[in-house]
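Shared between the two complexes below is chain A, which has chain B as its partner in the first and chain C in the second.
And now, the complex of A and B:
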């Protein structure tokens, strides 16, 4: 990904046969053009970058501030009395730790289940041609667009009648359904890149279709499967509305847990909430740093090239 | 689409290597676990929701009573137009603003600035962090008493006294859109950057050689190449925003005075605060109809792209 970003400059800087033919005037105009476009580019990066990153700075600054210094106005843009107290306070909060464990369990199981189910489905969509395939693919794609708030209303009634409210199962099942559409399309995109000839060769060598999928295709698609699992983990980890509604304090995950812990009726403990927010974000950020490349590739494969 | 695949009408080549199922049956078997999940968790609740709209039913109590179109009439005579209008304002705002920002940033990073790979990773942060964290952060920035936005605006003399951004009907929707914009422009940037990188550099150089300025080159070379990605990205974001819940619920809960109420928050509040699932699902049914129209458009566009 990064390697492609510097090409236009070096391409323009290199003496090219076409450029040589173009004469002095054109080349001077092109150089001026380049300069102008670079100034425009840097201005865009600076302005949008400020909008994108200053809030992040404020998140960090507040998380490292003492409660006293937070409640003064106007706020000090550069905090002077830095403290890690807000973070240590988190570790002493048993309820938060319970939310954290719930989040880890639910998001991990969601990731594994999503990948397994989506692998089979994506493989089916990629390597077989059968009646109804296109309709199924569209159904899967469209299902991620049904309004969750509406589904939740009746899903709540369904889980309630089966006595499944406040269970990991209810959370995992509902999360998986919403993570799967993109996982299926990501993995279909990955399987599309695996040549059919490879499958045919495996068949000629006597491998069954299951064996071909499990021991030949799956290892080749492993990076894509990891990316899909990561995506599902993040969706499960980040979900708010389902975890808020389908579970109470015992089984709730961190996002709704933070709301009930910190958003007080009278005064919100902002520095602690910001510290907790950072902690909640850490697993997601780490995951993205490692797998950014796959995720971007998968996303574009899944939703752009379709 | 894989080009090596046999055309749909011809019988598929049978690989009779141990499996007793036909290829079609095997392929369907692979989709079974996924379809079962979809049926249980999406399609059954969805159908049930459309049905429930015709009943009077309390979320906490068993049993229900058929009331015909009463629940629909309740919304049609009441808040439906306001909710629709507010949903559209939010959706259009939270789709177009991040698109413009994301596109500008993608174009900038695509010119080959030094460190643009690093910058791209850095700018992803707002999109990566959990939506609830985004809401908390902006709630704090917009805070009426101690918020940094009021602090900066007052220090620079732009405003004279603190503004309760989230508590005033005039500014609450704006604040919600800004928050959602912050969370989604990085995704737009990544997708559009991926689209831009497929534009062959030679095309730009050739156009430049022929004397096209940068604006001309944008519309003649760049835009036709990224139009496909752009339309998908816009439409997806539009559909997602049309049913967006988290940011609005945490920031304003639909208030003040219902001025940020959208379909998502209204359905949720009616069901889980008012316990009236008949009315909630009736509103949800109307909402679904509109969404299905959007989804149909989306499928038409992806379909065309798939065939191309």
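And now, the complex of A and C:
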């Protein structure tokens, strides 16, 4: 704590030497305290950073290792036997490229479909008052409460009877079942923050409801729509069990494709699997890099009402 | 608020959720596997074209040789086989769903542990009439039997047993494989004396692989299942787990080890014994930097409690089952050819080191000259038996329930007697479900 007592002055109005020394000591102590707290803060950041980044580092290190060195015991933090062979092998694997194309198609269409449907539903729930609205809202949310396995079995039977198994449509529709409810609620929250007065003003100016939604509301809710789309894309990109069950090898996406390719009954090809995982995470990382400012804004837009 | 305490809005909401639940349940009911009521998956049984489903069709080590068998068959028979595969860990659930849904036809590769669960669905053909033509060994033929019927033609028959590292044994001055539990324990102590981080026995201690305790329980005299009654919880099972705990506490076995860890330890020359299937030799030596390790790997009879007892081992292998319906006849011929044709089985053995299931296949020169395989068959597979729990669809849950209790003992959370009683009760409850 700093001293609050008055400092005795010399005739020239300068602090006396003892007081100057005390002030100097105080400043030094403050600098030390500041340094200590900065060291503590940076240490905490370093520990948390290491905790978060170690798996990524381990993934990269394994991807660059030979199979023999992967199983070294005790494991080495810094691999010595490095190779790029696991990455070059990926580029030569046509089947993996096919899985990747399937993932891009299915996750992108899922994202677009989820956002389009959720925009209309969210807008309806937010701006219209009709009988059963709240029940419908809860019904949408309740579908999230069923275990995925139950939904999967049901969807499998439905797609089977309609002859839709092993199609992109089946994958997109099944992914949408678990991406849409959250998108709807997310966008409803965002539409709630748009003042009704704005819609009334648009109506007075002669805009139809359709025009109001597309020309006024949608641009204002764009960050939220992008956030919802990104969420749906990532869920679709990462899904394993729906893609494995509803599609055959021709239409399967990356997660089941990677497991099928690299994880066997007796052995897992860890270096190749890690190299593939690193490569396939690139599209998601790029999407986040470009859209992260919308994501943060969109996720929190509906959280506080004016 | 209405006098009843439920608002109209609340009632509507509940109604909505109820409708959803009913719809879900209805749909679930509609898609439930039809089981024995629907005896085939449809289609023309005389069709020359059929599916072949196998997890091995995904795997780098197996895929080329299986594709070669398929291509040869297609060329010879002018037919078309659609190859279908799912990852091994998802195979049973995917196959159950797709067989029940009528999507799976033709020939299906099954782990012998899954045969009962699949046969119970009522979709598999009885292969009794053709099995006699194969020249299979008795132990192999039995691995494809469920409820008295031959549902699978054995492709590869082996077992899960103990593999020893002769180099380490020699280093510790152990001249012969220990034959009894007492000798085994003494050998483990000698090996521990080597120091250098050696884990004498890389036994399973993680839940994922703790089913390896079953052969030890049987070694101590527990039958596991006797006349439909679960016997886990009896004195023999408690003795087995008490002994396992003693090994753990004396650091003769290590904590947190599963099959992958055991292979890694063995591959680094840090373990003298571990449990694996016969294919473990190829897998473990391939991931080891020590290129002489394969020569040092030896199959060992599991030690017995008293001299003269039968060594215990778990039967392990694969069979090919046939789905009733489309392509049934051609698929049966294909399965018979794949599992019995001398040239085909020898070539498959050369590629994968998996022992054939026929007497002629085992007598082939290329198999006979592989001493590891012949020793394994003589020492381990000869007395191996299937798990009595395989006949239940809840097999995996039973194994997990027992494994969790054993792990609780190892970490000191519970006493062997209480744990085994609890494990027995849980297994019995699962069987009744």
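Everything below uses one rule, namely that the second predicted complex is superposed on the first by the 235 of 306 C-alpha atoms of A that agree within 3 Å, B and C clash if a C-alpha of one lies under 4 Å from a C-alpha of the other, contacts with A are read in each partner's own complex, and residues count from 1 in each chain.
Please note the rule applied: a residue touches a chain if its C-beta (ideal position, glycine included) is under 8 Å from a C-beta of that chain, and two chains touch if they have at least 3 such contacts.
In this text the structure is predicted, and so the values were computed from the model without any measurement.
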| Is A:269 touching the first partner chain B, the second partner chain C, both, or neither of them? | second
| Partner chain(s) touched by A:156 [first = chain B, second = chain C, both, neither] | both
| field | chain B versus chain C as contact partner of A:261, first or second or both or neither | value | second
| field | Touching partner for A:136 - first (chain B), second (chain C), both, neither | value | both
| request: Could you tell me if A:176 is touching chain B, chain C, both of them or neither one (first, second, both, neither)? | output: first
| said: If we overlay the two complexes on their shared chain A, which of chain B and chain C does A:146 touch? Say first, second, both or neither. | reply: both
| message | Between chain B and chain C, whom does A:249 touch in the aligned arrangement: first, second, both, or neither? | response | second
| request: With the two complexes superposed on chain A, say which partner A:78 touches: chain B (first), chain C (second), both, or neither. | output: neither
| said: Quick check for you: in the superposed arrangement, does A:165 touch first (chain B), second (chain C), both or neither? | reply: second
| Comparison of chain B and chain C by chain A residues contacted | B
| For chain A, which residues belong to both interfaces, chain B and chain C? | 70-73, 131, 136, 138-139, 142-143, 146, 150-151, 153-154, 156-158, 241, 245, 256, 259, 263
| note | Within the complex, chain A is touched by chain C residues 9, 12-13, 15-17, 19-20, 24, 27-28, 30-31, 55-56, 58-61, 84-90, 94, 97, 101-103, 260, 263-265, 267-268, 270, 277, 279-280, 283, 286-289
| note | Seen from chain B, its contact residues with chain A in the complex are 1-2, 4-8, 12, 15, 17-19, 23-24, 26-28, 30-31, 33-35, 37-38, 40-46, 48-49, 52, 59, 101, 104-105, 107-114, 116-117, 119, 121-126, 128-133, 136-138, 140-141, 143, 145-148, 150-152, 154-155, 162, 182, 185-186, 190-191, 194-195, 197, 201, 204-205, 208-209, 211, 213-214, 228-229, 232, 236, 239-240, 243, 245-246, 249-250, 263-265, 267-268, 271-272, 277, 280-281, 284, 287-288, 291, 294-295, 298-299, 302-303, 305-306
| Complex interface listing, chain A residues touching chain B | 1-2, 4-12, 16, 18-19, 22, 26, 30, 33, 36-38, 40-42, 44-45, 48-49, 51-53, 55-56, 58-59, 62, 70-75, 77, 116-118, 120-121, 123-131, 133, 136, 138-143, 145-158, 173-174, 176-177, 180, 184, 192, 195-197, 200, 203, 206-210, 234, 237-238, 240-241, 245, 254-256, 258-259, 262-263, 270, 273-274, 277, 280-281, 284-285, 288-289, 292, 296, 299-300, 303-304, 306
| Interfacial residue positions of chain A with respect to chain C in the complex | 67-73, 131-132, 134-136, 138-139, 142-143, 146, 150-151, 153-154, 156-158, 160, 165, 241, 244-245, 248-249, 256, 259-261, 263-269
